[in-house]
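Alright, structures below, take your time with them.
Across the two complexes that follow, chain A remains constant while its partner is chain B and subsequently chain C.
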Partner chain A sequence: MVIDEQIVKDCIAGKRQAQRLLFDTFAPPMLGVCMRYCRDRDEAEDILQEAFIKVFQNIHSFRGEGSLAGWIKRVIVNHAINYINKRNKIARHEKIDEIRETEILDMNENVEFPDEYNPALLLKLIQELPAGYRTVFNLHIFEDYGHKEIAEALGISENTSKTQLFKARRWLKNKIEENRQKKNLK
Partner chain B sequence: MEEKDNIEDIYRKAFTGFEPPPPGQAWEKVKAELHPAELDKSKFSSLKERFSVFSRSPNLYPLLATAAMVLLLIMIWFSYSHKHNISGHAYAGETRISRGTAFLFQVYDKAKPYDTVILIQTAPVDNNGYYRFSGIIHGNYFLRVNPLPGTDITKNFMPSFYNQDSASSEAVIIKVDNDDPTVDIHLLPK
Partner chain C sequence: MSQSSNSNSGPGKNLDDLFRESIGKQEFTPSPGVWKSLNWKLLFKELIHFNFINVPKLALVSVSGGILVIASLTYWALQPAGKSLLPAGPVTQSQSVARPVTIQNQVGVASSEPLTLNEKQTINPPAREVKPVQPVSVPVKRNLTSGALIASNVKTGNSPSPSEPSPVPDPAFIKHESESTNKVPPSIIDLLDPLEFSNFDLSSAPDTISFIRSGEVFTYVHEKMPLPSFFSCNLGVAPEMALYNSNGATTTEFNYWVNAGIAYHYSRFSIRTGLGLGYTYDEGVYKMQYRSNDSVSFYKEVIGYYPDPVNPSKIIYITRNHAIYDSVTHIADDRTRNRYTYLQIPLLLGYNLFETSKFCLGFEVGPAVSFLISEKKAEPSIDIPNGRLIKLEDSSPSRLPTNWQLWVRLTIGYQFTKHWGLEINPYYKYFLTSPVQSTETGKPSTQAFGIDLGIQYHFGRKSIKK
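Entry: the complex of A and B
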């Protein structure tokens, strides 16, 4: 379904049918975004519905510069960040670790990625990440945020952002490796 | 550290175009927030729609008639099962009076019965001195019997309440609850 300018205008006018159409079009992919930021689907649906209320309340501010999907995604991601910040899920107390050079070298080793890995499994691994790692990883990998932007969004230092990204990568790499070994044992 | 490893590629690739199954009740919640007034309206229209489907059913009128009949029977049963009779005989001395009238008064306030009585029924006393009131609801009552004027009994006996034993004594309240009371009344001699 193509969401055209008229549908956006109808949404601005508060027409329910247009809102439903827009919701049905964008809710599933946006739920995928929300699920990356949460530990489970229920929490993701909560974020999704709250964020979509914001989308409809602020859709008049969409100027048509860039895609509507991109604009909605920004609203969703911002809301997810606020939601996580509010719930204080970011491990602000985490000590900024000094990362050793060997670890950095380690990071650049590629992981064998079996074909059978699917988004559902990878999503599960992301959801198992500690909230801080998960948020930084998502913002960096999927939203292309730099560490400065992540630090501003989450109220943490750039170094913490870097550390958490590093730990998230390492954690995911280990988990993927574990899964691969389990599969081989079977 | 900023260098990209293949974890990023794995994730980027895996999640390109990824869509989980659509959210369940999320739209309903969003709609409720955006259109709170319509929520009540939609509930009403859903009821209306259900009724409209039901009203087109060929079984509607037989069903309604049966329901009405059942309701009526229940009401009749209820009204009968919760109503009572008061009956008994009226005596003048040792013999039953031949004719007269029985009066039943309902007492609304037991604390001041004489200020709150209302005559609710009269019943004839037959040749055998028998009277009967029916359809009596739970409550407190006074009962009086007047012998038929112009007969010998009226010459010798006074109209009397249950259970006066002298002209100066007071009437006794008859309480009707779960049973049908039998109340014999003895007229006071003049």
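Entry: the complex of A and C
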């Protein structure tokens, strides 16, 4: 991912070749990000396309203080969140379960998984998650968002965010266990 | 950010680490259609913002070629029988009009029809003694009215003398003239004897030429035509560079306009008005105040010690640095690009300094008023890692709903058919009232330079044939 300053300047000037180069460089990892937020590849490519339009329209506001990849990823994630919010995929009035945070931490720390899981299978499991669980899980695990930030981004309460994360983890753990058992039976 | 809950004790991984490490850096190659579609969307967005920088060269060449071909075809299609509609010389304000004349029971009527001769036709001078079987309307050649042509005919001396008996007309020719009603008959000028044009009546009025041919009087009256007046409309685009001066600092922005107008031309003068719709841009300024946890200092933690082997009375401490964090308030600014849509109405008075049948060069001066009809402000980019936004203030100068300008523009026109023409009008605008609100630091001044490129259509413009 070597994108020099000149290419960024050319992108700001609207030169298509530079935009193409930027797209070719960053689209594969960013499509990986989009795939985690969507149910299928088509939806992910739609988000990628619209997000890259935003990237090209707002690239003048990239001040070069951080990495360009990080800035693009933030745009992609924000667009994915907006996209999901627009589609009302988040259950905003989730019933708040009485879950203590220690339980969440305990669940994460007490379960161990072997290394040999197929990444494609794990991605499929994430895509099968209910939209609310999936978004919170992605933001927390992959983007390092805290519950407060997730709550602000999705317009939900912090407790809802914690609940969704807990349920996402439990759902994923069960699915992994199921898969492991099926594999052992074979 | 997230609380660290990723202890990875033992041979396996916890759930979070499993996902993070397995698919955190997964990559997928997008299908080729993604870029193609993205490219079209970007192109469309550029076009609706009048930005043509990424239009494929092939498309530009095709469009330019198409315009040239259409213009050429229009030019040739509008020419009657291969003759140009446009006079070669400058437009004069008087024209000659032939009056109907009576020649031996034949009525000559001025006609603008072009005269053509069949290759097989032979032209024989008619004899006065022989009367035609029936009266035939013979159009008089328009050029006959020209004094220059008459003079040239006088110089031609290869005709028989008036004293010589005129030959008897060929009955076949007369028959041919009577029967071939669809064919244009030969001009009377071709039948006349040039040497008989010698008797001019110089006592007539200055705008009248009379001459006697074989005892008959031909009178041609030059009538003064009214001054040319006609309407025209135009459609064009105008890229423009605006200079905003404020507090000694000048910022430059590019604006784009689509203009449509109508003008009334009277002689060399014109008055023009119309509508222009355009985007103008300027810089939005946002001031941000945010708080973030930053390292403000550090302390050293002693994690061990040992006596100095060289000097055992000394003790060497092993330390580790720890950063001290505190919430620090930052102030930053962000620049965005705002877009405003204006509707402008000019009222311009013009004068043509130089004009021929195809080119004209002049200038136009007048006021114009612009109305702000919409504004689109770009959202500031809030890129604050590990920080929290406290205050966001929009410091962009606010735009006034109307502003007045004084326009001066050079008008250069090229007429490629009788009605259609191209125009290139470089212009200068001085803003009599600023488009932005005055600030405490002073009143900003604005000027703009641009070039209006377009096509124009003339309604009812008179053309003079050769």
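Here is the rule we use: the second predicted complex is superposed on the first by the 170 of 186 C-alpha atoms of A that agree within 3 Å, B and C clash if a C-alpha of one lies under 4 Å from a C-alpha of the other, contacts with A are read in each partner's own complex, and residues count from 1 in each chain.
Everything that follows uses one rule, which is that contacts are C-beta pairs under 8 Å (C-beta built on N, C-alpha and C of every residue); 3 or more make two chains touch, one makes a residue touch a chain.
Everything quoted here is computed from the prediction, not taken from an experiment.
A.B. asks: Overlaying the two complexes on chain A, which is it for chain B and chain C: clash or fit?
C.D. replies: On the shared chain A, the partners clash.
A.B. asks: Output check: A:Asp40 vs chain B and chain C. Expected answer is one of first, second, both, neither. What do you get?
C.D. replies: Touch partners of A:Asp40: none, neither chain B nor chain C.
A.B. asks: In the superposed arrangement, does A:Phe142 touch chain B (first), chain C (second), both or neither?
C.D. replies: Both partners.
A.B. asks: Would you sort A:Arg16 into first (chain B), second (chain C), both or neither based on which partner it touches?
C.D. replies: After superposing on A, A:Arg16 lies in contact with both chain B and chain C.
A.B. asks: So in the superposed three-chain picture, is A:Glu5 touching just chain B, just chain C, both, or none of them (first/second/both/neither)?
C.D. replies: It touches nothing on chain B or chain C.
A.B. asks: Going by the contact rule set out at the top, does A:Lys162 touch chain B (first), chain C (second), both, or neither?
C.D. replies: The first partner, chain B, only.
A.B. asks: In the superposed arrangement, does A:Pro29 touch chain B (first), chain C (second), both or neither?
C.D. replies: So A:Pro29 meets both chain B and chain C here.
A.B. asks: Please work out whether A:Phe52 is in contact with chain B alone, chain C alone, both, or neither, and reply first, second, both or neither.
C.D. replies: both
A.B. asks: Once chain A of both complexes is superposed, is A:Glu65 in touch with chain B (first), chain C (second), both, or neither?
C.D. replies: In the superposition, A:Glu65 touches chain C alone.
A.B. asks: Which partner, chain B or chain C, touches the larger number of chain A residues?
C.D. replies: The partner with more contacted residues on chain A is C.
A.B. asks: What is the shared patch of chain A, the residues that chain B and chain C both contact?
C.D. replies: 14, 16, 19-20, 23-24, 27-29, 31-32, 35-36, 41, 45, 48-49, 52-53, 56-57, 104, 107-109, 111, 113, 117, 119, 122-123, 126, 141-142, 169, 172-173, 176
A.B. asks: Inside the complex, what are the residues of chain C that reach chain A?
C.D. replies: Going through chain C, the ones touching chain A are 1-3, 5-7, 9-16, 18-20, 22-31, 34-35, 37-39, 41-42, 45-46, 51, 53-54, 334-337, 378, 380-381, 383, 385.
A.B. asks: For the complex, which residues does chain A have touching chain C?
C.D. replies: Contacts found on chain A: 13-16, 19-20, 23-24, 27-29, 31-32, 35-36, 41, 44-45, 48-49, 52-53, 56-58, 60-63, 65-66, 71, 74, 104-105, 107-109, 111-115, 117, 119, 122-123, 126, 140-142, 144-146, 149, 169, 172-173, 176.
A.B. asks: Which part of chain A faces chain B closely enough to touch in the complex?
C.D. replies: 14, 16, 19-20, 23-24, 27-29, 31-32, 35-36, 41, 45, 48-49, 52-53, 56-57, 99, 104, 107-111, 113, 117-119, 122-123, 126, 141-142, 162, 165-166, 169, 172-173, 176
A.B. asks: Inside the complex, what are the residues of chain B that reach chain A?
C.D. replies: Residue positions touching the partner: 1, 3, 5-8, 10-12, 14-15, 17-27, 29-31, 33-35, 38.
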